[in-house]
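Worksheet: the structure to be examined is printed underneath.
Labels run A, B, C and D following the written order; every chain starts at residue 1.
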């Protein structure tokens, strides 16, 4: 693990898509890694190598390919577990963050008794900052069970209002679900502190780590959470694979969510019993190629060093906060400094709608995201309807940040607001 | 920068700046509220119909709209086009505009029919923006359908 | 679309894994396509091409890559829809068959009223022949809702006992879920007839097509089903993508299952509204690379012609039924002829446990599946604990069938039972 | 065919054919039922313990098992090994066997300790078969734990 700065030129060489040109023959400036990251050759090779040499259904065959597939799959699980400081059996493969969070929310309504059962009078605590993936499933859980959804407010600076924390966690709070890094403002809430407060009142804690695990070192024990969810495709890995970390004793006690083959112990027409975790939560033929790809992504990130990854992004973010902050008529949503803040920088450009900003940037070859980025309540809380978001990753450069600032100025001139 | 200028031509910039027939007015027969789920753009739109003996006329379309240039301009142009037309002809215009939007830059829009709305031909090259251009039209179609459903005129 | 016999030698050239050797330097004889098929170069290339040129989150970006990703994703949807005779908006992408079936089962317990709501006194009808993926989700639905699970019995010849059909569909039957091709016996139940009977009594019909869509021409209108579920990875496509077909008006009326980003219309902390299908059922960043791969698989199969694919498999199956049927001490499970029977051939080898048969075959380079193949009740119904299954696909040859028969004889000699 | 013969050696074939200590017997202190979820193999196994003053002895292990050669033989060999041993030593054997199974063909099994069970060294090269070899051992461990939990001896 290297501790030094990233060799971005070398890194860029690993990403075939970065050499392509986009509109008007412009080179691609990809600032939308918050939506999905690109995948290095090493990840694509790992997937292809699996398909071309070892392809088979894991956990099924008593033949050599089946054995190799099982090794690839379980090897990936061990690697991912080590990456976040979890036990191997505490890692459940899902298709993405969304499924991982739904898994927990549905397990809580499937539970007929015990620790996970949720009913009328019970409370679920989330925040206004959540991505819809960590919001709608809880609304739905409440609808199914009669529980009450409560939420922490977001302050105008894009931080959580923590004065509310203690009073909002009541004896009836069953779970506190909070983002570990906002996909809009980059805000990194004090998850450890929130977890401590939740645990003190007997509530479980889930962190939506879709934007943290790819971008900063994450250790589930240090964080002190019960559940952690993230997606492969945002961390240099393939689509179609995500992770739910769950503390061993909790997964052990949880009822299944998706059911079907290879998660069962005994099946009779009259009823079935289930395997221990993680298998209990992984019915069907597993996405082994994607697991192999994710393992390669973890290797790639580990090779760079997550501290270096975070440092690189911090430097790009600082640069962006400066360069965008000094443009008249541009308002940065969320924290103004890099303290407890990751590399998603969303802005409001006065009198220019984000779609129009995005359109101009697109013509310049700059790919950003426009809209509410699946965090509509957060935008409401910040008093904007939508925003323009740049999000950074290991392959981004300072020149690209400058291009972004230049592009926004150009948009202002084009629409006559500057 | 040609493509950008052809996308945001004078017609679009002008309509976006001074939205024709803006504001919500009485009387109206039906109202519809439409949202672009990607960005939260919204339009609240009212339709007033008028029975002109053998035909039904679009008497008024009024609206309040939050949106991008494309969406604001398209709604404005739409009101210019449909107000005063009979409902059948206005629906035909809607269909024509919809077809233009889904043409991926391939259609030759009929300027005699679509008038200022031909300025949106460029939008059809950007599938992500089609919804912007259609938001007002969708709300109009919806409101009109409701007005008709509710049995106008009785 | 060619109508003639498959050029198996040319086809084999498209599958890199088939040239590898396995244990003892033996060439691979892959007879486990029922678990997962191999993927041709064309599919792997389509995935890679997406990642290397167009990678981006579909339905999100207002930039060129996002547009290309959306085109790839929606293009794949249109292609899959055409492949099964469905409307484009009737195709929901899931991660696999298992999720597709769970989607329907959970939607039925999420519905608080209307056509989909299931409660005590209601009945779900399945069969003893089902894969656990089309069995356990219904058991769970019944547990959640208080509905009653009923099932059609399997006759000793591996066919459904259809005398029971009419009496088992009562006025309280809400859905009949039945396999369209058994993954153990190859049995193809008369789904059209079952659907007619179910509809006559107002019940919905779901067909588990995991083993039919890859192997025979399937048209949802001809079949007359309301829902159809299948997996990409069993039809030459990648892992991580599956399909739920649902009739338009039904999907329209169904509550969501997984919830999160990009399936919503408006989100407020107090509650959310949802998009029309298929988006309503596809939260999260979609698996576009896998959709592109699945589209390439559909192209590949269409190029071969599904009638030719079915004919090729029928000829291999006929050969296998002959070659295995004439071995003393080998009992074929299920239909003895290829009539209404696909290319899964499972056998009991007297006095040799399937694991031991499989082990011997594996040493000979022959990959089969051993166990109950996620269809435990079916094995019970056929009076065996487990079986050894060979399953065929476009790349299999008659020589491989001979090798299988030879291998089973060898196993019998090795364990002293012949 | 060397690998196959080394996997299914004489010891395994013999034990599979004539399972030692087979059948379910009285008296017993605890019973466990274990299943291999992949193939439905099952074993029902009973354990009787005996208090020998300063130590606890495995007095009897009896079982009924459905399974493949590996699983039947492993259970049979296990009973030979543990019956008569004190519980602590038997558990140590269990651990030793478990380690051997997970060794991927790399371990040098201690024949003095494992006796006939060294014949299963080959199984460790086939991860899919490990569960077969462990089924009886797992059931024994489970039944013994239950017997101890239920407070034997009191």
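In this section, contacts are C-beta pairs under 8 Å (C-beta built on N, C-alpha and C of every residue); 3 or more make two chains touch, one makes a residue touch a chain.
Note that the coordinates shown come from a computational prediction; the quantities given were computed from them, not determined experimentally.
Note on connectivity: the fewest chain-to-chain touch steps from chain A to chain D number 1. Traced through touching neighbours, the fewest hops from chain B to chain C number 1.
Centroid to centroid, with C-alpha atoms defining each point, chain B and chain D lie 77 Å apart. We define each chain's centre as the mean of its Cα atoms; on that basis chain C and chain D are separated by 38 Å. Between chain A and chain C the centroid-to-centroid distance comes to 31 Å (mean Cα coordinates, whole Å). Of all residues in chain C, those touching 2 or more other chains are 23, 60-62, 66, 262, 264, 266, 355, 359, 370-371, 376, listed in ascending order.
Shown for chain B are the residues that touch two or more other chains, namely 38, 126, 129. For chain C in complex with chain D, the touching residues are 23-24, 353-356, 359-360, 363, 370-372, 376, 379, 385-386, 414-415.
For chain B in complex with chain A, the touching residues are 1, 3-4, 7-8, 38-41, 66-71, 126, 129, 132.
Contacts from chain A toward chain C in the complex involve residues 16-17, 20, 22-23, 28, 30, 32, 35-36, 38-39, 44, 47-48, 51-57, 60-66, 95-99, 101-102, 106, 110, 128, 131-137, 139-140, 144, 149, 151, 231, 233-234, 238-241, 256, 258-264, 266-269, 271-272, 283-290, 355, 358-359, 361-362, 366-371, 374, 376-377, 380. Every residue of chain A that touches chain D in the complex is listed here, in rising order: 60-62, 66-67, 70-71, 262, 264-266, 275. Those residues of chain D whose C-beta lies close enough to touch chain A in the complex are 35, 37-38, 126-129.
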